[in-house]
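In order of appearance the chains are A, B and C, and numbering begins at 1 in each one.
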Amino acid sequence: MNLLRKTVCGLIVIATALVIPSCAPSRADRIVIGSKNFTESLILGELFAQQIESHTRLKVERRFYLAGTYICQQAILAGRVDLYPEYTGTALTAILKEPANSDKGTVYQRVKSEYERRFRLTLGPSLGFNDTFAMEIRGEDARRLNLKTLSQAAAFAARWHAGFGYEFMERPDGYRGLAATYGLHFAEPPRVMDLGLLARALQNHQIDLAAGNATDGLIPALDLFALEDDKHYFPPYEAVPVIRMQTMQEHPEISQLITDLAGKISDEEMQRLNYAVDGQHRDAKDVVHEFLRSKMLTY
Amino acid sequence: MPDHPIIEFRDVSYAVAGTLVLSGLKFEVQPGETLVLLGRSGSGKTTTLKLINRLLSPTSGEVRIKGVPNTQLDLVALRRSIGYVIQEVGLFPHYTVERNIALVPWIMKWPEDRIRLRVKELMQLTGLIPELASRYPHQLSGGQRQRVGVARALAADPEILLMDEPFGALDPLTRNELQQEFLSLQRKLRKTIVLVTHDLREALRLGSRIALMETGRLVAALAPQEFLHSADPAASAYVRAFGDGLGTTLDRSAS
Amino acid sequence: MNFFHFMAQNHQQVLELTLEHLWLVGLSTLFAAMIGIPLGIAIAHRPRLDKPVLAGANIIQTIPSLALFGFLLPLPWLGERADRLAILALTLYALLPIIRNTYTGIRGVDAAVLEAGRGMGMTDSQLLFQVELPLSISMILSGVRTAVVISVGLATIAAAIGAGGLGEFIFRGLAMVDNRVILAGAVPAALLALLADFSIGWLEKRLQPR
């Protein structure tokens, strides 16, 4: 009887001991930075990490390779991550679930105010480039058929096979809306493929059109051509840091550091950074460090 | 001399799932007597016993304890004032002998020292050596276990003791021993006892009166000597079934 | 840098993810016990309810875990936060072993013991707390042990929906094609499961009725 009572008490103590420390993360001197699981997001995450590391005493923890927008959102809401790079267009349609809008300023303001109101998260300024979805075709096809815009390409869709990543297929600002806007009808339903395999599939003529990103490093490297979104279907995808408001309050020094990065990366520069990691297989850490030095943001 | 019967069955019937198990039971138990409910399996004797401490409720009729219908008495208080001994004993395997015996006093919140004293007393009474107090039931023999069962039933000093084939699971030697001790205990304590058995020898030895039951009816209620020589067909059939040598059983009996 | 080096270098994050994992497992097992043990006791005492309740818990068990996480996503309040959702799903999966073992444990108590107790004037709640529960505690703990071990494994999948925990290392390692990272999640998770199994098992033995 006595043993039973002791055991029950013991179990309760153990359960409490397990549960309590997990609730109260001691973030006095620590910042956790997240990123999604593709190269560009990694580079941006690393960028913020190094920016903060080199200018403050804060210990930066990296929680990269989170598998998607939803998971990053969950992580930052739960406080497991303090900051991660997001795209304004993605935030607008996939998280806030609002209809797309093609004006950069409007989208940014809307996302910022809604995030602050609903999630106690705020946005830093845009890093400069617009990583919108790029409908990529082979350079040779673009030159041969004299194609520059999506509207022009729509005429050839019936003879083409398309390949898209999973998220692009499912997102409201993805394939469905695009097909409706441009009247795209492909030879067969688009193939869903892993993002990493799309470029190669395009090269090997397994597909003729892929949804890539405007800042893909492989575009210049593999002689791919990004069709112009002449009907402005895609909302702007400016890269911004999403930060917990609490983190900003606890570490106000971060605010200036993030502002220093505003507008520092152009579309071409992002392409080059992506290519350095994807195409040249260099370490993201080195690439980012070099970049920061070139911009005289670090030593 | 006894004025009021301590237990009274007034025209009690008991049915379960449409089958009549007991019908028209009418009898009295006087204070201090040992009434044996005798009968074959299925005769309703265990059912009758359970109607006394309300483990079962009659379908019709009344069971009275000390003049009050037992349905009007607080159930838990009733049961705590009646000792209950069953064949399988039912000791709590996770309690020591001491705690098992002390059960009713403990739930009645007796002071600790009173309990300890009472346990010592009872162990002596039932022939259990003091060393056994801290042992567990699985460490005891069958006979020792039933002694603990009896001690437990007597712990709160109830007036009434109900016993359902208490010695049935024991070997003949141990059974004999316990029956003997039962008799001396009864002489000392003078409890009112209702004991269920199918064994005529046991009935003759332990009972001051034998109530024969057959298919849910009380067929005869006689003192042992009378029972043995009864002309009643049911009684004599029972006697015959048990064969010779019953006379000597009587010599070692209670009354 | 080999695996041990990697673990040493990243011990802070390993610890953090382990604590997240424990939070998911601990809370859900606690909820499952708070619901499952009383439910198990109830159906043990009311034989007509046992089949539907056990069947219900069984059905939940057969739903593939990732699918269950997915089903729960659109729910209001719960679906908004991955850890709430994960804890709900893990609680549901922990129910069957706990309910079933509680039920079996209580039903397994010797009827003679209960009859003796009742006959001597113990109330139903006294019988429950003094007799039935102490005699079935070992069996109930065995159910809790099964639930914990299952939960540790399932919680690794919860990282797929953003609930954190050691599964995050595993998914990250898969994306990076880096075995060390995968192991950094898989090894602590396996160790957790083994530790839980061993320690609760030890407790079971200590509390075994004679």
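Throughout what follows, a contact is a pair of C-beta atoms (placed from the backbone, for glycine too) under 8 Å apart; a residue touches a chain by one contact, two chains touch by 3 or more.
All values derive from a computational prediction rather than experimental measurement.
Peer 1: Taking the mean of all protein CA atoms as the centre, name the chain whose own CA mean is closest to it.
Peer 2: Ranked by how close its C-alpha centre lies to the overall one, first comes C.
Peer 1: Can you name the chain that lies farthest from chain B, using the mean of each chain's Cα atoms as its centre?
Peer 2: Between chain B and every other chain, the largest centroid distance is to A.
Peer 1: Between chain A and chain B, what is the gap in Å from one C-alpha centre to the other?
Peer 2: Computed from C-alpha means, the inter-chain centre distance equals 83 Å.
Peer 1: Using mean C-alpha positions as chain centres, tell me how far chain A is from chain C in Å, no decimals.
Peer 2: So the centre of chain A lies 36 Å away from the centre of chain C.
Peer 1: In whole angstrom, how far does the Cα centroid of chain B sit from the Cα centroid of chain C?
Peer 2: That pair's centroid distance is 48 Å.
Peer 1: Residues touching two or more other chains, restricted to chain B: which are they?
Peer 2: As it turns out, chain B has residues touching two or more other chains at 94.
Peer 1: What residues in chain A touch two or more of the other chains?
Peer 2: In chain A, residues 1 touch at least two other chains, as defined above.
Peer 1: So which stretches of chain C touch two or more other chains?
Peer 2: 134
Peer 1: Please output the residues of chain C touching chain A within their complex, sorted ascending.
Peer 2: Checking each residue of chain C against chain A gives 12-13, 16, 19-20, 22-23, 26-27, 30, 80-83, 134, 137, 160-164, 168, 171-172, 175-176, 203, 206-207.
Peer 1: Give every residue of chain C touching chain B within the complex, in rising order.
Peer 2: Residue list for chain C touching chain B: 110, 112-123, 126, 130-131, 134-135, 209-210.
Peer 1: Hey, which residues of chain B end up touching chain C in the complex?
Peer 2: It comes out as residues 53, 55, 76-81, 83-84, 86, 88-94, 103-104, 107, 136-138, 149, 152-153, 162.
Peer 1: Which bits of chain A are touching chain C when the two form their complex?
Peer 2: 1, 3-4, 7, 15, 18-19, 21-23, 25, 37, 61, 63-67, 70-75, 77-78, 80
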